[in-house]
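The next part holds the structures, each set out as structure tokens.
You will see chain A twice below: alongside chain B first, and alongside chain C after that.
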Partner chain A sequence: MTTSVSPYAFTAETFKRVQPEEYYRKILEQDVRPDGRAFDACRTTIVNAGCIGTAEGSAVVRIGDTTVVCGIKAEVAEPTLDQPQQGYFVPNVELGPLCSARFRPGPPGDLAQLVSERLRSLLYVGSSKVVVLEDLCIEPEQAVWVIYADLTCLNYDGNILDACVLALSAALKDTRIPRASLDVDEGIVRADEQATQPLTLRPFIFAATYGIYEGRLLLADPNASEEPLMASQVTVCLMEDGQLAALWKSGGGLCSMEQVQQCIAQARKRYTELASLVSSSSSN
Partner chain B sequence: MDRRRVQGPETSVVPLPTQEALAKRAALPAPVQDGKRADGRGPEDIRPIFLRTGLISQASGSAYIELGQTKVACAVYGPRQLKKQQGFSEQGRLYCEFKFATFACKKRRHPIRDPQEKEFSQIIVQALAPSIRLDRLPKSVIDLYVTVIENDGTASCLAAAITAASVALADAGVEMLDLVAATSLGYVHQQLLVDCSAAEEAYQQHTDLILAYMPSLGQVTHLLHRGPVDWPPMAAVGGACCVHVYLLLMMHAQ
Partner chain C sequence: MSGSSRADGRTATQLRPMSASQGVLARADGAVRFGFGDALAICSVNGPMEAKLKEEQLDRATIEVQYRPATGVPGVRARVMEAAIRDIVEASVLANHHPRTLVQVTVQHLNEAGSAMATTLNAVAMALLNAGLPLRSMPATTTCAITADGELLIDPTAEEEAVAASIHTMAFVQEQHQLVYIESTGHYTEEQLAACHELCRAGADKVYAFYRVALEKKLAEEGFVVEAAA
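So, the complex of A and B:
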């Protein structure tokens, strides 16, 4: 074999398309990932809050190319009979055909439903709720606030869960709802747009996702081309004092106890980064 | 019932404003005072435009446009093969899905597309199809997805969407005759205003116009007009604004 390249050899781009797993393995052998990141490095993360004037609260989050917009709208409804003092919190994730060729038009797919459910389940972690629902009460048994948190993905490049949790946290922090009162004679709620107040929030939860490659390597913040190559993924959700809020492991690959411990340790570092991003993101 | 989304209460409403706020709203100042509008524009000025292409890395082509506070994202996928059940087509097809994000408007939109959004999708297809060489793309379809992130004037959203979609098609390398520049006009208190904001649209409007135009060919691709009007001056202003938008697009292309 001479040193000249055979005319039948693949270019790097073709090799990546034809043999994605082999391509990936060859690059990882050099202790680096295809996009030049170290194994434990997350992509550049940007948080911009308060950018949508029509919403009560909003945030745009970019993790690498993954872009998620969260808008919060507040409306008034009757409370349920069994919880007459509690408002509603309704998070929904929209992964439309705009953000990637893998999503079709129509109702939310499995992934969007999964992320929506995860966001909703984060509300009920621990002793207190992310949004204090009792503070959304306008008049017991009559009227309460409904907080609609809608997350729209504009560009899907993997790790949608982290981006959604981050966008939701930043948007909730940015939210201000008008002071409202029930007019008993007329039976309608009037809101004073001039006098707004922030939501009562519990300290934030942030998520950090790690892909486990061949049961041995931990890769932080996998992107869309890496995700299908990971046998399993671990998502660590942490609360303010480093306490564990939720831990999700998906996929069937092997994952040792030490690796989970490692994920949690790395997530603690990531938490401080994200917390400072959110606290400096606010426009007001 | 929609079981694929997290459900809230069956109905919810936007609370009414207080009596004082209602009184203040009834006594609005004139839309144009001393030749200036509320945001300092003249009656025939469009708002500043911010345009970026290629922000949606997964798409074949994309454009993001801001027109004042109006924010619209647009992605193009394709040309891709027409599915079998869609039949055979000698010409390429253009498909558009226009959607307001639920939080984009003053009142929350439902996540499922309503008739207005479907109408806007059709308008975008009609406004752009004449500019594309669809005869060169047999058996294929170009998918166009538009999401409005913030609505500051519904007519301006549609105009911005048409402009952005045209730029996104160019970004995707689709063969076109010309870029389509669109603009919106309205009559408020007998005064012709270009590119109305949401606050200006809140005035009683009897006349409005959305114009999509290919300036270098001098062809109108779509025109949507309502209300009694003195036609020549309105058409002249509309055409001039489209040319203005077009020049901005050309500057962006360089």
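So, the complex of A and C:
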């Protein structure tokens, strides 16, 4: 009970918990973010590819405290009737209670499903498919590869979509699948574990997310405590050729097309950073 | 752009004819069936009503969204749709005017014939108005597709979407044409995105005009005298 702090004085930590919006507003007025970053600065990003020996490909990505592990597994399956020459690609994102108290155990929640679907749409819609599905064919109408990409979040501190896209890109680049052929007599697929080959990949996709604070400030790479305060979030997915692979604006807030274009311009800078991170992570 | 080559005879900038039936469900506070041609969705809105204790929020209304596709069980695509519906509702409903209540939005897709998200989101906007909730805006949504040859087509049908290089859905509020929602996937340049934005914005203006006509018609049927727009 003998404390020198008067009972009416707030510490910064208490203020943040009691009035998060006011706390952020006060700090952002000083042109800085609570964790000391500039508005356009992303958190320290680390990519470590090929860290899981039992998977066909893998990567661990950290963006600040957000940590995502991606493992790629290849299995043989029958192709669909309407696409007899194409394999499948199945991304799955897991956000369990391990990574944050906001997630419950059990079947994937809304956010996990949303991120999974967005990853899937990056790979399936239009001509931007990252994995060339025709190259996953072992024998037309008989056997194809199914590529399972399992992404598990170990630590949730916001901007999960960027972390997942980065982990997936790095893991796919690290992936080698065995050379396989169909033994017609026995009707089984034989795979040579020694002779592996990399996946045929189209240009890489990286994502950059921006929060729009009070409809005017653009905050790059928002963390978990910033995310609920952003009325809008814009995610830009860019490809190697400078074209866009996806753009999502979500949240009930409003934004102008100029702000979206600003996000794209900032994302281009972020792209070169991420591309060099991934290429250096897989060389060792 | 040269003469249209679209299968249904529309030009590249022409929306399918819009349709709306308001107050179609007797027990809901608001219900609207909205359609772009064959693409139809029905949305019902209930609220503000009593919220369950654990869902109650002290400073605002809780928004509950459910989406069901026309066929099959709701999958991950339904979750994306629900997230988009939530964005539209958040942007329009004055949630902090109704603290500790629940607003329930349910959408059943009736026929999926392309531009599924735009059809859904417009049904939601009209149903919110039909429920008599105080709104700050009524977002209007349109979809456009870029074909493999780089041609922009507004309000694509399912067949046009299947072969498109990219698909762009944008929701606007009328005020300065600010954006509420964008979903834009495929493979496209920044210039193409800007062109899609122009096209979708022009389309959204037509959707607003439709909202207006539909509301005026309904008010006239109910015996209100509608003054001519300034």
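Remarks
Please note the rule applied: the second predicted complex is superposed on the first by the 272 of 284 C-alpha atoms of A that agree within 3 Å, B and C clash if a C-alpha of one lies under 4 Å from a C-alpha of the other, contacts with A are read in each partner's own complex, and residues count from 1 in each chain.
Methods note: a contact is a pair of C-beta atoms (placed from the backbone, for glycine too) under 8 Å apart; a residue touches a chain by one contact, two chains touch by 3 or more.
Keep in mind it's a predicted model, so treat the numbers as computed, not measured.
Superposition model on chain A: chain B and chain C are shown accommodated side by side without a clash. In the superposed pair of complexes, A:90 makes contact with chain B only, with no contact to chain C.
Of the two partner chains, chain C is the only one touched by A:247; chain B is not.
In the superposed model, A:191 makes contact with chain B only, not with chain C. Taking chain A as the reference chain, the count of touched residues is higher for B when chain B and chain C are set side by side. Once chain A of one complex is fitted onto chain A of the other, the partner contacts of A:117 extend to both chain B and chain C. In the superposed model, the angle subtended at the C-alpha centre of chain A by the C-alpha centres of chain B and chain C comes to 130 degrees, rounded to the nearest 10. By the touch criterion defined above, A:255 reaches chain C but does not reach chain B.
Touch criterion not met for A:229: it reaches neither chain B nor chain C. Once the two complexes are laid over each other on the shared chain, residue contacts for A:264 go to chain C alone; chain B is not touched. Of the two partner chains, neither chain B nor chain C is touched by A:217. Nowhere in the superposition do the C-alpha atoms of chain B and chain C come closer than 5 Å. The residues of chain A shared by its contacts with chain B and with chain C are 113, 116-117, 120.
Those residues of chain A that touch chain C in the complex are listed here as 110, 113-114, 116-118, 120-122, 125-128, 234, 239, 242-257, 260-261, 264. Chain contact summary for the complex, chain B toward chain A: residues 2, 4-19, 21, 55-59, 69, 71, 73, 75, 77, 97, 99, 101-106, 108, 111, 143, 145-147, 149-152.
Only residues 76-77, 79-80, 82-84, 86-91, 148, 164-167, 173, 176, 178-190, 193-194, 197 of chain C touch chain A when the two sit together in their complex. The part of chain A that touches chain B in the complex is made up of residues 52-55, 58, 65, 67, 69, 71-73, 75-78, 80, 88, 90-92, 94, 96-101, 105, 107-108, 112-113, 116-117, 120, 146, 148, 150, 152, 154-157, 178, 180, 188-194, 224.
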